[in-house]
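Going by the order they are written in, the chains are A, B, C and D; count residues from 1 in each one.
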Amino acid sequence: MGTGRLEAFSDGVLAIILTIMVLQLKVPHDASLSGLTPLIPVFLSYVLSFVYVGIYWNNHHHMLHVTEHVDGAILWANLHLLFWLSLIPFVTGWMGENHFASAPAAVYGFVMLMAAIAYWLLQRVIIRREGHDSLLARATARDLKGKLSPVLYLIAIPMAFVQPAIAGALYVVVALVWLIPDSRIERALATRAA
Amino acid sequence: MGTGRLEAFSDGVLAIILTIMVLQLKVPHDASLSGLTPLIPVFLSYVLSFVYVGIYWNNHHHMLHVTEHVDGAILWANLHLLFWLSLIPFVTGWMGENHFASAPAAVYGFVMLMAAIAYWLLQRVIIRREGHDSLLARATARDLKGKLSPVLYLIAIPMAFVQPAIAGALYVVVALVWLIPDSRIERALATRAA
Amino acid sequence: MGTGRLEAFSDGVLAIILTIMVLQLKVPHDASLSGLTPLIPVFLSYVLSFVYVGIYWNNHHHMLHVTEHVDGAILWANLHLLFWLSLIPFVTGWMGENHFASAPAAVYGFVMLMAAIAYWLLQRVIIRREGHDSLLARATARDLKGKLSPVLYLIAIPMAFVQPAIAGALYVVVALVWLIPDSRIERALATRAA
Amino acid sequence: MGTGRLEAFSDGVLAIILTIMVLQLKVPHDASLSGLTPLIPVFLSYVLSFVYVGIYWNNHHHMLHVTEHVDGAILWANLHLLFWLSLIPFVTGWMGENHFASAPAAVYGFVMLMAAIAYWLLQRVIIRREGHDSLLARATARDLKGKLSPVLYLIAIPMAFVQPAIAGALYVVVALVWLIPDSRIERALATRAA
């Protein structure tokens, strides 16, 4: 089976996750500019999560681009990733509405950690099928980012109970690290073309 | 007509069903971890329904993969299946918010039973068009799982009024039985290739 | 330009309309079966609208299947159709929650009338581009159904203020008339193939 | 990488934005026609935003039609555009529910200005990749509309605090200017074909 329908379904779920989050921005009854002030933390958590979902879509796009066939194991590993990503609107809303309090900030990190693990699992399952000599295997051989993110999440989760701002800063750092699209795959593709 | 647009539309509906369910997880006003405690039954029913929708997507994917043409009857049999699946977010929320009480647990089983019947009907309509000698007809000739699930639902529905936990356990059993993707079709494909 | 992206976008909008309607079915706090009783009119209006959206998707699918190219006018005629269809969840909820009262039943008919006109306009715009000798032009030359539906809506709208049940019955009649997929196009395709 | 998945993902997000806006039209409890009166401003702002999202989809469709390859920069420029568009349901609801009051009308213009800038940035990034001799570069060389819209938004934003009706009128003017699909690209395509 080709990757077409897996990509289409994942695109659908990611597009809805992205757009559902904006529903957390409840329309204020106050018609003045100051009516927006209480929404600022909700808006900031929306921006953060929008970037995260954008990163996942971007990397997913790159990864599936170098995948040729899917089987049952890949379909389920992908659904497992979508499960953790589907919880992002909930934790985003909880964190935003509570002004980045400790527990919501820690749970946010936990969901992000599980999503990172799910992504890594999906990558392993695809590489197992495509072969260790495949483009994807070589492109992700070192995978510094993939190893750094879970470590930063694991630091951020307990830190949220000490000082939530540190956890928040770590989430921004992870997002910035990933914001650069997966140039490893683009480089590997260029090498192959050469 | 090819199956492309039928698959795209079904993917869209299934992706939205999956993601709408998470809206039942209402963001709590309590910012402590204990604020999540009342959400545990809603979360568990979400996990169960996520797996069910994942199974339907997975099997639908496999079934359409071996279908070559669609006609009006197939389009309507597919819409009929989507109708019952569209009720899953409602019954999931009702069951979760009422901590797996009898009536919601029974209605959950009823919707699952109707979805299973709708899936079976869709399969029959496709086989009628593709021919009894088709890949799909041979792959689903025995169809033990397809016969077992409705029986388990039919046991679970009255059981929900005796002891809802038994109904819940039966729904988990059905999910586990199906969690293994439809290897019958993969096997039939492999046989053809050989 | 091909029809691919127009179909994908329309599928997305129709899939969301279909699934958003189910959000009108608010999860009751009552955990007994009788908790579902007040939802019956909402559920019936959901079933009616689900069938209507299914009919539109079905006919849209058939119509675009015999369309080869799209231009700006077709894109806008299609968006115009999607606009009226996007109001279906609103009128469905209004009619269901008010137990098929006069005004909601009349407004429901009005939205359906506008959607029917928008569909007819889209069909005209496509035929103008494809030519009066095209498959679509010949398949819809008589178009009895397309002429009957607006007439029935125009009767149902004032009737809703006399006796809403008659309006409701007329909406069911229109749905039944259309439930049979657009065999005209299938027949025209078969003729061409012969 | 081809443009397929970028288009599919954007279509998904735009389709959801379009349909989520209609959720702002809250079903009234009043079953009479006068129950709809308070919804008129919400409805008018919905119509305006529907046309805007339609314009973006239309132009996006045309732009990607003449784009051959996408890279990481294009993916992110596209996500940036989708971010600003995702705020449209929020500002539409805020403006509609407050009967086009000053602050909501100004913020509406601000979001539209940022979306216009994001669209222009996406266009630049694509042209940089496709080459200044590309079809898109030539089709958008003069780009009168693209230069006029931000100017009109910049006038409308302060005007909203003087007289919101003027801001509203300017938004309608921008929509009318763009309602004519991007015939520049269609013309450029026709020239190439000749």
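In this section, a contact is a pair of C-beta atoms (placed from the backbone, for glycine too) under 8 Å apart; a residue touches a chain by one contact, two chains touch by 3 or more.
Note that the coordinates shown come from a computational prediction; the quantities given were computed from them, not determined experimentally.
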(message) Shared numbers divided by all numbers used: is that above or below half for chain A and chain B, i.e. same or different?
(response) different
(message) From the centre of chain A, which other chain's Cα mean sits the farthest off?
(response) C
(message) To test your reading of the model: what rotation angle superimposes chain A on chain D by C-alpha positions, in degrees to the nearest 5?
(response) 90
(request) Indicate the whole-number Å distance between the mean C-alpha point of chain C and the mean C-alpha point of chain D. (result) 26
(request) Starting from the mean Cα coordinates of chain B and chain D, work out the distance between those two points in Å. (result) 37
(message) Multi-chain contacts only, two chains or more: what residues does chain A have there?
(response) 8, 12, 15-16, 20, 23
(request) Mind listing the chain D positions that touch chain A in their complex? (result) 1, 5, 8-9, 12-13, 15-17, 20, 23-24, 71-72, 75-76, 79, 82-83, 86-87, 89-90, 93-94, 97-98, 101-104, 106-107
(request) Over in the complex, which chain D residues touch chain C? Could you list them? (result) 7-8, 11-12, 14-16, 18-20, 22-23, 25, 27-29, 31-33, 35-36, 47, 50, 54, 57-58, 61, 65, 179-183, 186
